[in-house]
Structure formats: structure tokens, C-alpha cells
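Each of the two complexes below includes chain A, the first together with chain B, the second together with chain C.
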Partner chain A sequence: MSAVAEMPIAAPAARKAGNWLLVATVILLSVWVLLPIYLLMVNALSSPEEVTAFPKRFFPSFDFGSLSFFINFAGVGRALWNSVLVATLTMILSIGFGAPAGYALSRFDFPGKGTFRFLVLMTRAFPLPLLALPLAVMFIRTGLDDTAIGLALVHTTLALPFAVLITFSLFSGIPVELEEAAWTLGCTRLQAFRKVILPLALPGIAASAVFAFTISWNEVFAAAVLTIENRTLTAFLLQSLGESPLYLKFAGGAALVIPALIFIFAVRKYLFAMWGIANR
Partner chain B sequence: MHGKALPYLLLMPATLFLCVFFLYPFALVAFEAFTRDGGFTLDNFRTMTGNWKFPVAFWNTILLAAIVVPIQLVMALLMATVVSRLETGRGAALYIFAIPLGISDLAAGLIWLAIFDQSGFLNTLLSNLGLVDRPVMFLGYQSKLTIFVAVVLAEIWRATAIMMVILVAGIGLIPREYHEAAEVFGASPWKRFVKITLPLLRPSLQTAIILRVILAFEVFAVVAALGGTNFPVLMGETYNWQFSLQDRNVAAAFALLILAISVGLTLFFLRVLRVPKEARI
Partner chain C sequence: MAEIAIKQVAKRFGGFTALHSIDLTIADQEFMVLLGASGCGKTTLLRIVAGLETPSQGEVWIGGRRVDHLPPRDRGIAMVFQNYAVFPHLTVFENIAFGLRMKKLPQQEVERRVTRTAELMHIEQLLKRYSGQLSGGQRQRVAVARALAMEPDVILMDEPLSNLDALLRLEMRAELKGVLAASKTTTIYVTHDQVEAMSLADRIAVMHQGRIVQAASPVEVYRNPAARFVGSFIGNPPMNCIPATKTGNGSWTVAGLTLPGPKSDKHRIEFAIRPEDVDAGDEGLHATVRVVEPLGPHTLVTCDVEGGLFRAILESSAAIAVGDHLRLAPKADRIRWFDPETTNAL
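On to the complex of A and B.
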């Protein structure tokens, strides 16, 4: 009897202890994720002398020496431009090809649907950057070697499956009745899509576009294999790892990380919807 | 243009694209791996396995995957359960945990280089604590073990997010009623986790593990940034044969090996973690 009477007192105490443990775990895990990024930023915001000095300070001196050395280093400006160009092309290609497919999957039942889904899902069982090896030869034959569009085509194979799956779930989330209502009111299929569905789907499509951009922006292997003169930032950094000084590496790392932080922040709402569908 | 043709028209661009840039290159890479100067041969594979670096690269890659993936699975489960229990600040915690998802593997390598470099933050910390007299060379060619540890840490740091996100989405699909019912019957949180969350999470676990294992065999830029040539891995060797050694066919053999391992492991996990149709939510 007394044990039962004590229960209501003991339970909140246990719950409180549990809450503290929960908060402590969250903080610990956040530090684990954020601290390494912070340390990279400390390096990027210190002068070249400070970066190579020992011991190090754990706070940045806000000296832009490293960053300006990086920006003015031969080839960096061009590499940055190439990265943006390739990522933009990847974004356009993967949404351009992926969104219609996602729409078709969500709205129609037709023979061959299962096969197509299988093809898309299969891409995830393969290490796609390796495709750059055989494509290197094909590109030399077709004149696509060392071009932004050639690399963007390879990056699109990485981003396209995501674009298809994300837009599929987006369109599935918009009731088909809305479209049908537009048809009965005299819209053609295209008009109904443009005036009713597209505005509703646009934020999600934008998010998957940003995701495609990020995939391309971050990709290293295919970029390093397929570009020589027109290197992207990742390819440039990788190929100069051997000879470049530390402060160049860290400033370059920061240049890669900061846009990525913004991208992930921009699509954070959609991240889980994106990967939730990856479960099926 | 109405009716039956429309879905096929909509699927056409993506299908054609995947055929040209996904299926065709695979045929091509297999072809290149088995040929040399136009004739069928297994020489490329012999050259590959005969190179002294091959066993090192092979076992490094396997060992890395075998150590990194289980740790990540546990960490991702921890992150996902912690996040799903959080009432305030859930969005912020999710964003922070998801950050590495958007970070390039090369950038992740450079981030951990800032820590493990000879003039890096770890050495600074150790010398501030008085544990070392002068900076230790963690990433030199004689310190294979510390390179390995650094790569393991960087990989865990970088790629746990992808598993976490999949698991969070999966936990969201589990109906709350199950947990409530178990709570009513007095199941402890641990028991609820083992008896409800884990079994119902199996489809997500399967996806997360498959994706992560494939990524683990693609490990390349993190290693390049931290270990350079001191720590060979399969993908790095592929790159070397393509570039430094200018031998496409051997590079293709490496690619085919990585592919075979990836596909083999995918099939393995599909089978082991198979979810019967009736048991799906």
C-alpha cells in the first residue's frame, strides 16, 4: 500500500532525472557536431602565421590573412565559379528530369511503373561516383571532357533519384481532387498543373533543388576524375592537398563548409520528409 | 497526348538519362575491367591484386567499415531517440545533428585535419594539459594507428547524420499507441525501445545500414585529407590507377570490385533485415 502511495512522488523525480539526462545528451551530441566546425573556423579566421604556429589559441583572431591568401591563390576564383556552375546545372537537370517523373509516379498507374521505381532505387545500391571512370572516355569522344556540363551530367545521376523520390512524395501530398476541380472548371491539364499544383509544390521543389545543388557542390571523386583545367573547388583542393600550405587547406575547407551550412538550414524542414520516403 | 501516353512521356527524360548515364557506364566499366587492348583478359585483376598496396587498401577499407558503421548505428539511434523525446528545441537539435549531412567528405577531412595536425588543436590541448612536451606527429607515415583513429572519428562525425535522419523519419512512422500501451502495462523505457521501437524500425534500419555501408566503401576524400598516401583505401587506389598510373583498365577492375562488394552487401542486408509484407506499418 505504501509503495503505491509513494509512486506519484517518485515518478516525477525519476522523470526529472530523465529529463536532465536527455538535455545533457543533446548538449553533448551538439558539441560533438559543432566543435570540429568551430575549430576549422578558428583556423580560417586566423593569420597564416597563427595557423602554422604552436601552441594554438582556441579563439579566432579575426585576421583575414588566410582567407585573402586563399581567394587570391591562382585558380581558386575559377574553381569557385566552376563549382557554382556545375552545381547549378546539376540542379536544373535533376529537377528538370526528376520532377516530371515524380509527378507521373504520384498521379498515374501504368504498366512499367514498378520497373521505373526499381531503376531509381537501384541507383542507391551502387557507388555512383565510380561511374566517372568509364564516362571519362565517353566524354573525350564526345567533346564533353573537362566541361562543366559533362561533370554536371555525372552529378545528376547522384541527384536525380532524390529529385524523383522527393517530388513524388510532394505531389502525392497534394490531393488529386484539387486538380480535378480545376479541370471541371475548364482548365487544361497543363493549366491545372501550372495554376494549382505548381504553387503548392514550389517550396518543396525548391528544397530538392537546393539539395541537388549541395550534392554537386560537395562531390569530390567524380569532380577530380573528370576535370583537369576546369576544376571545381573540391577537385582543386583535393589535387593541391599534397603541396598546399595548411592555411590554404583550412580556408578552402571553410569555403566548402559555409555554403553547406546555409543549404542545410534552408532545406531543414524537408530533410526528414525526403529521407522518410527513402524508407520505402 | 492524353491518357495512356502521358505518364510515359513524363518518365522518358529521367529513364533515358539513367540508361545513358547509369546503366551504360556500368556495362562499360565491366567491359573495361575484363579487356585489355581489345581482348578478353583477367590481367587487370591480376595486376590489381598483385600490387603490394592492394591487400593493405582492401583490409583498411573493410576494417574502417566494420568499425565505423556499428558505432554510427548506435549513435544515430541515440540521436534519433533523444530527438524524438525532446519537447522544446526539437527543431534546433535536429538541425544541429543534421549539419554534417550537408558537408563534403573533403571538408570533413580538413576539419579533422585542423584537430589532428601536428600544430593542431589536439596537440595544443595535450601540451596545455602538460601531457606532452612537444607536438606529436599524429598523421605521419609511421603513425598508421593514429591515422586510422582520426579517419574513424572523421567518418563517424561526417556520416552519422544520414543514418540519424532516416531513423528519425522511421520513428515518426511508428504509431504512438504502441508506446502508450506498453507504458500502461509498465514497460520500462529500455524495454519499450527494444521491444517496440527496434522491431518496428526495421525497414528504416535496413535503408540506413545499406546506404551507410555503400558510402563506407566509397571512403576517399576524408582519407586523402588526413592520411594522404600513408593510408591506402580502395577508392583512393582506384583514383591512383586512373591518374598517377594512367591505367584505366586496372582502375576499372578496382571499380568493379567496389561495386561487387557494395551490391553483395546490399543483397545481404536486404535478406538479413527483411521485413515481411504483413509486418509493415
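On to the complex of A and C.
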């Protein structure tokens, strides 16, 4: 309390209350996000016996019993491989279509540009469960069901709007004069893009690719509906949640969350750029 | 040898006409300045010559070759941009070498040219740096060096000095003039700064609302403005324009003074004179002093003449006070006359 007493009397009470509110909100939100991750970590890094025991340890025992059981669990390796495969395909498709669209949005004026940007965003407003049944029927008819490319296509529709918007803001941040200077110095449009724009945009494009990867990695609904044999890790865990022991769930949860967390942390500044906050 | 010919070039953006049928020929090795206020179309014209903008109609010829359908890289031009456009991911050396590498010149020749132009622009100690480590003035030098290294037929400059501070601008202006004269290229230089235009140009094309009002040498543009706009845009303070009334065939009365002038069937025309081309004396325009500003070498006197503002630059020795009645005698050979409707010179 002495710290409070020493504060200058001039500080308005309202502002102090505001500060407290801010701090409390920050703490609440942090706990909201961090507590589940903490519990997940503690349990994933404990031995199977400790997971079911009570009281809980505050620090994990760093016993890799649960994790090694999970890795050796039948089907996990294959599901992990499927997840990586689908996420990689999603990443390639999202950037392959998203980056050119982002470039076109930032550099060219065409009729319906505003509408197009809006529609890109609106695709995210479509609830996936609504599409799942017709999609499943269509996929079975075309033979795309239960394949990595089929699922990657669905995940691409989820990741594409973000890829377009991130690369749009990225290309918009690169002055058009740099490109024009390259043209006057002997470049074709494609050469100017490759030699000037691409090197400057590459970190952001990589970030956007990682984000697409993460979206696919985390997606569970479409994966569960559209695959049977070739399940991704999320779908596999969802399916086996009922019959598997508690420590397996924790280990699987950790295996899903950690890569996603690391990826998002690595590319966070480019994700801020997407929402128009300065790209620092 | 690169003469530039612009033939009936027009540019429309939707319903807005940025350029109305421009005709302009720029001689080989000439330094042509496009001068005008912002939005007059001067940058658009430059970008059409560069190939960064397509004309809605008309032709552009460089060195006897029609180029308006060619991309920028096939036109034999180099351009310096207002914001310099130095590539941030390349060193100064690689920036200057960029165009040379595109031409696939041998490494030895690339190094020779980069070193030579870097020395010319006094940036040889910066070759290993990136654009982020340079000041505005240094970036400007890199941009000019990059253009010069191409050894182009034509250099196009879009307000290259406008982002520099005043002192640096003065310094770069003199340097640019020397370097470009030595390089023997044809230059088109866009600016809104009349002092820059006067000091650099072999010829100035004054642009207004998408048209070239006058294209002539700096002294000609200053002394014999083709229209009232040129007289008021060039010169600081601008040219004075006051109404003149017909008193006979080729004789006009201006603020109590009768002067010989052009023969015209109009009843009223405009009399125009530069502020420095009047002397205070016993005979002349009737003027009432409103403001006196001693500027050292001379005194700027703002007066009322015929109910309008009239600025005169007088010798600083003259004792003039606010409220004085003066007679300002115009130098006969410096008087110009404008048609009040077309605003063109008579």
C-alpha cells in the first residue's frame, strides 16, 4: 500500500481507476488464454500415473511417459503425416492463389474492386457445417473424399481470405515507384516483380504461408467429416477421444497446440499488418 | 542523338482531361523543364514519355523512333523519381549496377561504370551501404547515379529535389546542372519551383490546366510571357497587370498615364509590367503606398493603382512612407499587353 500512498496526489482518481481496469482486463485475458495451455503442458509432461493422480503438481515432472505413449499409439504417426501433408498443400494453394490476388488488389484498379475485397472477407462468414453435407456428397461423387488434396481444397477456402488480405497489405506497403524504377532500368513486369518486389515481400509471404499452414493444422470439422481412412491429427484425436485414456488426450492436445503456437508467434507482426496496424 | 518529339499527346482519366493535345519538340542534349502548379499535367506528360502511362492519343518519338507502344525498358530512357525509389534490399553499388546487370554487361564494365558515376555524384564512400542508412540527399545522389550509369539517351526527372531541404536543394541544383550538361543527354525535368526551372533550363515549358502555355528560354519566358498566367506564375513577386483604356489608335491610358501600345479594336486591354521595371519619378502611374518592405538591396513597395494591388521594387535609398502618393514610370521596352478575354499577349 505504500506505493499507492507515494503516488502524486495530482493523479486524477478516474485515471487511476482506468489503469486498474486495464490491468485487470489484461490479467483476465492472459489467464483465459494461458491457463488452459499451462494445464495442458503440465499434464503432457507428466507420467501417465501423475495425470490421473490428485493433488496436481504445480511444475511438471518432465516425465515423457505420456508423450512417448502418444507417439507410439497406433495411427498417430499416420495422422500426423496426413496433417502435415494437408497443411502443406493448403499453404501452397493459399499462397499460389492468394498472393496474386493480393498483388492485383494493391496494384490495379478494376471495376468491382471494393466488392471483391468485401466478398473475400464474406467467405469467412459462411459456417462450415452448413457446407459440410453438400461438400461431402460432392466429394464422394468426384472421388475427392478421404483424400489429402480434397481436404486441402476445403482448408484453402478457409485460409485464402487471410492470404489475400495479408499479401494485399504487404504489397501495398511497397512503393509502386520501386517497380516503375525497375521497369525503366530494363525489367519486364515479371522481372521487376522477381528482382524487386519479391525480395521485399518474401518475409511477409512466408508469414502468410505459415498462417495458412496453421489454419489447416488446427481445423477439425471438415477433417472429421470428409476423411475416414486418411484422418488428420485433429480428426483422429476427436475420433479416439472417447475411448482413449486421459494422458493420451493431453499429449495429443499438446502436440497440436505447440506447433500452432510457435508458428503464430513467429509471424505475429505480419498478422497485425493485416488489420492495418503499422507493420513494425 | 536523341531528339524527343511529342505529337498531339492527350490523356484522359475517365471524364477528366489531364492533357489536351500536347505538341512539344525537345532538341538533342537540351535541358527542358516542365513547369507548372500541381495538377497541371506535367508529371503525367513525363510519365507518358517514360512509358509508365499510356497516352489516350498522340505519338511520342525518341531519337527518330516512335516509342509510345514500347515498354519503358525499350525506350532508351532513365528516370529519377521524386521519392528516389532506391531499392531498399540492395546496396548502393547494386542499386547503381541494377540496370547494367539487366543489360548483361560484363562485370568489369559494370564496376567501371558504377565507380565512375559514384565518383561523379560523390558517393564512392557509400557503395556498401543500404538505402536505410542514407540521408535524403544521399539517396537522391544514388538515384541520379543509377540513372547516369545507364548512359541513356534521355533522362527524365520528376521533381527530384522537392524532398530535400532548402540548402541541400541549392547545392544539388548546381551540381545536377553541371553533371547533366557533361553527360550530353537530353533531359526533361519536372518541377513546380520557378527558381529551379529558371536556373536549370535551356528551355522552359510552362504548363497550365493540361496545356503548354509557352515553351521558350528562361529569359524569354520571364521577359515576354505569352499569356497573363506565365507572367503571374513566373517571377516573385509576380508581374503586375492593370486595366488600360483606349484613348486613340494605338494609344492607351493606364492609371493616369497615356502610353503608346498595340493597335486593337478592343476598348479595354491589360497593361503588364514587372515590379523591377518601374522607377519612382515625376511622371508615371498614380500609386498610393500601402506597405513598404525594405529587403536590403532594394525595397518592395506595395501600392494601390487603379484600385488594384501593384508591387514595385525600388531602390532602397528612396525614402518612401505608407500613404505617400507616387508616380511610377514604367520602362518603355519592358511593357507588355494582354488581351483580357484570351489572356494572351498582344
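In this text, the second predicted complex is superposed on the first by the 237 of 280 C-alpha atoms of A that agree within 3 Å, B and C clash if a C-alpha of one lies under 4 Å from a C-alpha of the other, contacts with A are read in each partner's own complex, and residues count from 1 in each chain.
Here is the rule we go by: contacts are C-beta pairs under 8 Å (C-beta built on N, C-alpha and C of every residue); 3 or more make two chains touch, one makes a residue touch a chain.
All of these numbers come straight from a predicted model, not from anything done at the bench.
If you put the two complexes together on chain A, you find that chain B and chain C both fit without a clash. In the superposed model, A:Leu185 makes contact with chain C only, not with chain B.
By the document's definition of touching, neither partner reaches A:Gly77: not chain B, not chain C. Of the two partner chains placed by superposition, only chain B is touched by A:Thr157; chain C is not.
Shared-chain residue A:Pro203: touches no atom of chain B or chain C.
Of the two partner chains placed by the overlay, only chain B lies in contact with A:Leu256; chain C stays clear of it.
Shared-chain residue A:Val33: touches chain B; no touch with chain C. Of the two partners chain B and chain C, more residues of chain A are touched by B. Looking at the shared chain after the overlay, A:Gly173 reaches neither chain B nor chain C. Between chain B and chain C, the minimal CA-CA distance in the chain A superposition rounds to 10 Å.
Across the superposed pair, chain B and chain C touch chain A at no common residue. On chain A, the positions that touch chain B within their shared complex are 18, 22, 25-26, 29-30, 32-34, 36-37, 39-40, 42-43, 51-56, 58, 93, 96-98, 100-101, 103-105, 107-108, 110, 112-113, 116, 119-120, 123-131, 133-138, 153-154, 156-157, 160, 164, 189, 214, 217-221, 224-225, 234, 237-238, 241-242, 246, 249-250, 252-253, 256-257, 260-261, 263-265, 268, 271-273, 275-276, 278-280. On the chain C side of its complex with chain A, the touching residues are 50-52, 71-73, 77-79, 81-83, 85, 87-89, 98-99, 102-103, 146, 150, 156.
For chain B in complex with chain A, the touching residues are 2, 4, 6-8, 10-11, 13-15, 17-18, 21-22, 25-26, 28-29, 32, 75, 78-79, 82-83, 85-86, 89, 91, 93-107, 110-115, 117-121, 123-124, 127-128, 135, 157, 162, 165-166, 168-170, 172-173, 189, 203-204, 207, 210-211, 214, 217-218, 220-221, 224-225, 228, 235, 238-239, 242-243, 248, 251-252, 255, 258-259, 262-263, 266.
Listing the residues of chain A that touch chain C in their complex gives 175, 177-178, 180-188, 191, 195-196, 199-200.
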